[in-house]
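Report on one structure; see the data block that follows.
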């Protein structure tokens, strides 16, 4: 509401000299705040709130945060942050696509953000990707605002379907080399619980895999205190449905936790770090930022505490 | 990063049903946070960050807050909020302009936001307003974004000067019916300290008042614990420079405090509530939202604790 | 987990020099945080959490806060803070007891904290105070920990009853000079709503007042945006039950709002500021911190915006 | 300040029914808040503030937090939390003591909390532990309040010295099988910077190691974005001073980051996971919670991004 220069200075109404305040660092004043758990909060200073919207299913926001860049938030929960989403998406996609000898057709359950498709489409062997997400507006939102995924969204190999992933998968006649679950965690008693049951994997997923096919799914937090919520269950379910199941994990800074994935198949996962590195070089366009053969191998060596449960 | 409809629901990756979550109220996640004092914080949920900028003097932001509407923030301090800035600006402007029998020429020290000019220009007697602010970019920012002040900024009676208010006032030959201080609080030892001294009022302000002229200034927080910082000092200084000085205050919700102003003159302030109401009706275009005669009268009855110091 | 002196310094594991950090002011790290409204937060730096407990009715905590001293918090809402509870309690008690020519018997509905009784017992005319609160454990908690009220709790003129205030009042045969409501605000549709109805005041409260008796009640927030929640309603109800009703308000810093009270009687409230000051001198032991005659008088001059609704 | 039962309910002054509020979950109101970086905050709901104190060197607090149990905070930075300090301390101590064929004498630089000593003393081969911390009051504070370390503090094999670790190490004539750095991170230009230099390791540490001796130090954050601050430097320094240096890391939930350590020696680290498991069984009293052979082996396989720098 006013200011005055006095000799050689300038002051705002609240009485602090402008520049020296900036220098001595007044407090960042806009924050995004998330409750990781009821008693635990994680807050990022904000540059701006780029876009907000409401779909029939959820509230959605794109924030520009100081510590983690652009961040996609759905219903008050961080989904992915510019500076480290590559850890999540490289981990979700590449181990399965590298272990598969020749992945041509891929089905993504969910994945509307587009980053999962982007990583898949880097594989030269891939001929077709079906991405099936239920929320059209989230997909449109991400298409418009996530510049990094624009190329993927317009790749002719990508077929985008708006539908319930289970219904879509069941209705389709063809099967796939790799099926990827980029879906919500199951909540006990919640509507998706059955999506993570033996019966869903057995009756819906497995029949749609080609021989030698691989199923991989994000599997929720895999931290020393948080892995029992979802991660252990998914692993224990999958290893009863498939002959081979490999749980693995990585620390994702913007999630303030270690995250988990499980891949499963009736064919064994036999490649060592060196062979994975070789395939990466041959099959993947561009360079990974997070994963190489050694990282993949060690990601599946869980800590004693996690392994035991 | 994905979602799936399962029977009749929808879930985000973090495992909470979208809609029921909205209903049961997930936490607001973007906040503006201000340190009112070192140990006291005041936080508003944000709709958006409308604009941010940096001038040579200060950082400036226009936020859209849930509790208080659009809010102008300079160097991390709230300057004015849409829903209650009228309390501040009506209180700063009208008591002096009503007590003056015929205010024609007004000088504003500071006031770049435009709201002080807006309230002054509602007075039918006013023929000329000089607004002198040092930060051109703040003025341009407010001109562009504070829709409510657009009319004021384009009023032909307004002369806008970018300069140090003291230098400008001293260099001008004409004098004014009312001079209004819409400036930063003095900080002990700070560069503006001298702006609130006896000598500044005596040598710079008073000589530029026409006979019967009134000086009024915002005077910082006037709460029961905060009035001693600035408010008491300004009052005590002004009552030694002018024959009459009247301190008054009002609670401004978005400031989380009671705010103070002091008006001073060599002519007495003699109007009672009814006379003030009459003048308001005659002289002011439109209706006040906060002030009427009774409110003006009682605003100067400070509480026992404040009065005594 | 370790530190080392190196030449002339000391550093903690997180790599910041201890003393210089203290000097340059590292951030206060423990906070009490209250949601004043859904979109508005108010946070105090903490020295310590003195006591916490759970009664059959509510959660209770006594905090030592940096800005407001010891603070009593019930169910996550600040009830009273050491440094400014006198504003609330002086305002609740003294106007009614001063306007009454000779208040001897007082009934408090609620008031388990003890501060209301403390202020009442300062009046030399008072012979008997009944305090009726439903939550025995809150009363015991306050008795133990609120040192400032100890004397009041052991005053022989105080009769403490644990009961539903309405039931107690209805079952008692005697009537009182002043009845004080130090109760929860009514919530629409909530269980106490009826306590603020015409019928409650008419059938339960009024019959228990001696001739010339006064009823006074706290009446919730009375700020420019918040007074319509409760304050206006209570005033409008009371002025239909009693011949005279006087609403008044005061800014309470720790509540971040202006608070309201209403006193009502079938006898007029006629004392002016000077007469109130005289009675204060004669009847009240010790000095008020907040209220004097002028403050009482001006407290009932509400701002234009509040008055009109 | 009061409550009343009305028919079948109870309400506090702020108008919300006590129990239903508890059930519907009113917000946790006391929080510990830490700035992990300038733009990133991490907040824990508090049960209580157990103890606070000030030493000549630093401010110290013991908090009871909801998500992480008792937490030791020095100068506003979390040092260690009850529920996961074992990850830090097992990782700091056991890899070095297991790789050493017969560790008898150990020197801890820092370590005043006592947890490092506690883990060391679980090794049956250990005959003598010197813990050298500069801040006597921190040591006394931890001795009094960290129940879990009481046994360690009173173990006759522990010699506690209050001194500058470098001075102490230099003044001692004997040398050690393992030297452990449980010290502050070096800050650029700060007083400890030289403690992490080649010259310190070469002239002070290495000469005090017995033949086959191992040096291990905490090495700061080792996350994908944070490892370049300190972790890479320490590793790169140590591998020029010792023939063999092994960096390793683990995610510590309460630190919201992956943490790093480096062990170094002129003898090679040759044990595989199975041999480490065997030694653990033979040498360590009780069971580790975090570390086993596989965890140790994989902890040193850093991710691609971290490894490359």
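Observations
For clarity, chains are labelled A, B, C and D in written order, and residue numbers in each chain start from 1.
Following the convention adopted for this analysis, contacts are C-beta pairs under 8 Å (C-beta built on N, C-alpha and C of every residue); 3 or more make two chains touch, one makes a residue touch a chain.
Computed from a prediction, not measured in an experiment: that's the story for all the values here.
Of all residue numbers used where subunit A meets subunit B, over half belong to both copies. The two sides are thus made of the same residues.
If you average the Cα atoms of subunit A and of subunit B, the two centres end up 47 Å apart.
Mean C-alpha position of subunit A lies 31 Å from that of subunit D. Per-chain CA centroids place subunit A at a distance of 51 Å from subunit C. Counting only residues that touch two or more partner chains, subunit D has 31. Chains that are in contact with each other form these pairs: A-B, A-D, B-C, C-D. Residue ranges of subunit A in contact with subunit D, taken from their complex: 25, 28, 31, 37-45, 65-67, 83-84, 87, 223-226, 250-251, 253, 256-258, 288-292, 294-295, 297-298, 301, 303-305, 307.
In the complex of the two chains, the subunit D residues touching subunit C come out as 1-19, 21-22, 26-27, 29-35, 46-49, 52, 57-59, 61, 63, 73-80, 85, 88-89, 108-113, 115-116, 133-135, 138, 163-167, 181-187, 190-192, 194-195, 218, 220, 230.
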